[in-house]
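Here's the structure we're looking at; comments come further down.
Note that the chains are named A, B and C in the order they appear, and that numbering of residues resets to 1 at the start of each chain.
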Amino acid sequence: MKYSLNEICERIGVRFEGDGTALIRGVNTVDDARCDEVTFAEESRYYEKVAQGEAAAIIVAEDFPDLPGRNLLRVANPRLAFMQIMEMFVVPPEVTGVHPDASVADGAVLAEMVSVGASAVVADQASIGAYTVIEAGAYIGAAVTVGERCHIGANAVLMRGVRLGNRVIIHAGATIGGEGFGFVWLGDHHHKVPQLGSVQIDDDVEIGCNSCVDRATMGLTRIRRGTKIDNQVHIAHNNDIGEDVIIAGQFGSSGSVTIGNQAVFGGKACIADHLSVGEKARVGGASVIIKDIEAGAVVFGMPAQPKRQTFQEMAALKRLPELVKTVKAQERALRQLQKRVAELTSKL
Amino acid sequence: MKYSLNEICERIGVRFEGDGTALIRGVNTVDDARCDEVTFAEESRYYEKVAQGEAAAIIVAEDFPDLPGRNLLRVANPRLAFMQIMEMFVVPPEVTGVHPDASVADGAVLAEMVSVGASAVVADQASIGAYTVIEAGAYIGAAVTVGERCHIGANAVLMRGVRLGNRVIIHAGATIGGEGFGFVWLGDHHHKVPQLGSVQIDDDVEIGCNSCVDRATMGLTRIRRGTKIDNQVHIAHNNDIGEDVIIAGQFGSSGSVTIGNQAVFGGKACIADHLSVGEKARVGGASVIIKDIEAGAVVFGMPAQPKRQTFQEMAALKRLPELVKTVKAQERALRQLQKRVAELTSKL
Amino acid sequence: MKYSLNEICERIGVRFEGDGTALIRGVNTVDDARCDEVTFAEESRYYEKVAQGEAAAIIVAEDFPDLPGRNLLRVANPRLAFMQIMEMFVVPPEVTGVHPDASVADGAVLAEMVSVGASAVVADQASIGAYTVIEAGAYIGAAVTVGERCHIGANAVLMRGVRLGNRVIIHAGATIGGEGFGFVWLGDHHHKVPQLGSVQIDDDVEIGCNSCVDRATMGLTRIRRGTKIDNQVHIAHNNDIGEDVIIAGQFGSSGSVTIGNQAVFGGKACIADHLSVGEKARVGGASVIIKDIEAGAVVFGMPAQPKRQTFQEMAALKRLPELVKTVKAQERALRQLQKRVAELTSKL
């Protein structure tokens, strides 16, 4: 992939004065950009690096200092402009049709322009929307519905009856539609509670590598529009995850959890069953949620509580060993005083 | 799948008075049950919901209030009866034989009625028991033994020599028989300790999606009869997990851990190497076990200790920032008193 | 596999006096070794077990007490000698060539003696070094480079452009090269930050089952020579993991983390973004790193801090509920004293 500098400038709405025919082959950090790459420098403290670098052009803010001899592209929002250039270099999943080594059941329905990789399997009654790409080794179970322009990663698994909206990305190795974890003890063995529900994943959701979303016991485990989930996350049965939620790696939920829109979870956080987290709540990494979290709350810790409180407790805890000693010393001082006061009293 | 209401009643031993010919197509929650579904209401506080719902029939306890016009099915244990009905709607894994796109080695031995999905691989010397279903993309390594009526999920991996009993369920993406994590530092590099042992998983065990069970360094990593393991759990080399143990999602063990029968682990708990957890111990979610846990103990926290103690400490910790201030104020008060008493003493 | 006792002795440089023709078929623990197996006893406290066992030979330290009738093999370092014998029993991955059910793109380049298992897929422009073994169901994406004598486990995934050195082991189900988790909120949706970088894994690295290594946003996520990573570990985008690092199971990192050479991480530890851990630092299991860790530091806890301090705090915390009571009692005692001193003062 390559573009002329003029094409790059056009994309981000910058008028370029010099020779715009140079070919740009990629983007890179301000430290590593080579002479055929574009970079960006968000703040003027990168001035020296920009001056010494080789980058073909540098996206900067409008108030970045002048730098003769370097191609500065001045924009209102350098980060956003740079992202637009990055997007020009994304390699889209290739639409290559059904690979001869794929296995597509006769009863599966594939819309136009669907790709299915080698060793991938599409089972009976599955329905795949237009322009969806199913990578090598992925498994699309019976009666699964996948919308348009979805991307199912290599060796990902969508089990029987799972439903995906449009533009959903399921990364490699993720398993969607496993059975909820439910058993009842019948005196001599754990008896399996049938898991008859399914999973519905709405438009524009992204689910990371090796993550798991379990099907509901009855009804649906639901992940709503625009939610982004990182790698190795576990979403348990009957969860209802709102819209535009962000869930970082290794998060884990228990059954019947409800998450409000635009909530944000740091990595490795977890939540006990039947709890809810309100809209726009922010949960710090590694937090352990053992009671409901209100909308907009900013929480952290084990147990999760207002972040400010956890940090106060952590600070106080650091002083606790010293405090134990102080209280002991006070105990001695008190005893002495008591004795002394008793003596004084008797003398009066 | 559909059954007449009469068939449903017969299954749970209820004599139905009205017209039992209505067709039931599923089960659902009391909130969502439609006119062709059965639901259950465990307590009388669901009376209003039952009254307003459309469910074809409602399983209730024997003392549930009367509700003319609704089909109440009175039983001693509504939850159990409902589960029995749920089981009628389970879709069993299909016995479809060996898919033409499966790859079964000539030296593999398949009993009668074994199914192997597309792109699944059964290696040399593997032995698969009757009625076992191997889903698409699963890998059964060389000399693996799988018992009867097992279910191996899509893209699951059973590595060389692993042994499974009967009715074992390995969910999608799980990997059984990876190498234990052992190295010795030889001055300039970590040298791999050979992992020569294997894994034995006994009857009626269930292992969740994307979970891992490592093979022993020597001997066996063992998971005993009836134990149920959730998604993304890591069982390390040389563990001996007892019978009827429950292990929720994202639990992780270190090497040479021993777990007693019927112990229960909440999600994301973990345990250091060479430790043991006694029978029927209950370990709360996200607990970090750094010393042995006695049989029957109920523990929680980091580090795991009696749950009651952890909660007491958490409560006390909340008051710690205030306590620090109190002790400081006491220090001042003590100083003043000491000064005052000294003055009094000098006056006498 | 079997060797004569003479061959075993020769391998570890021990001169054996007795009849060395007995056939040894494996190694085992001192508890379980059978008459055709070799075991080891590191300390003399195993004397009784050795005396009562059946092992064909026992590797012991030079000062181990005599035991007539048992074949003691005396060496300077019993553990190392035993490991050398274990290595004689390792089953190497078989070099079987390309399986007829594998799918190798015409544009892929395979060196001599490469094995590709059934249902494995090697995409266009991928390059595989000599003696590398790709197990069943693994996916090698477009333009991936794999060095010599690597071992790619069953159903593992190497995504587009990922680069592996020589003798790299990627265990079953691991996914290398997933997209970094980066989004910017554009007022009404999370917009994906393109992930244009790649992953480079250097010589002699090992990555466990179902682990994930994400590609860099730009540039490389790097795992350097000799580093060993356990199961279910998540390495985020733009991490730079040093040489000979040890990372136990379920560790998780955030973006742009730097780890020094020979650092060691216990299981389930995690680290926030943009932090660094110095060389030879030792991080205890389940630690939560929220600030930089110095070279050589030994840390533990949530938050991670010097291990000694965390244990002091844990000990103090145990006494906190009692401390709260003590301070309350002191408060009462102080009030009484103040009152009493005031009375005394007024009497004077």
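FYI, a contact is a pair of C-beta atoms (placed from the backbone, for glycine too) under 8 Å apart; a residue touches a chain by one contact, two chains touch by 3 or more.
Remember, predicted model here, so these are calculated numbers, not experimental data.
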| item | value |
| --- | --- |
| Interface composition of copies chain A and chain B: same or different, split at half | different |
| Angle of rotation relating chain B to chain C [CA atoms, steps of 5 degrees] | 120 |
| Centre distance in Å when chain A and chain B are each reduced to the mean of their C-alpha atoms | 25 |
| Shared-contact residues (touching 2 or more other chains) in chain A | 119, 137, 155, 173, 210, 232, 250, 302, 317, 320, 323, 327, 330, 334, 337, 341, 344, 348 |
| Touching residues (chain side chain C, partner chain A) in the complex | 103, 119-121, 123, 137, 139, 141, 155, 157, 159-160, 173, 175, 178-179, 181, 183-184, 189-194, 196, 210, 212, 214, 218-219, 232, 234, 236, 250, 252, 254, 270, 272, 288, 302-303, 309, 312-313, 315-317, 319-320, 323, 326-327, 330, 333-334, 337, 340-341, 344, 347-348 |
| Of all residues in chain B, those that touch chain A in their complex | 26-29, 32, 79-80, 83, 86-87, 89-91, 99, 101, 117-119, 135-137, 153-155, 171-173, 204, 206, 208-210, 226, 228, 230-232, 244, 246, 248-250, 266-268, 285-286, 301-302, 314, 317-318, 320-321, 323-324, 327, 330-331, 334, 337-338, 341, 344-345, 348 |
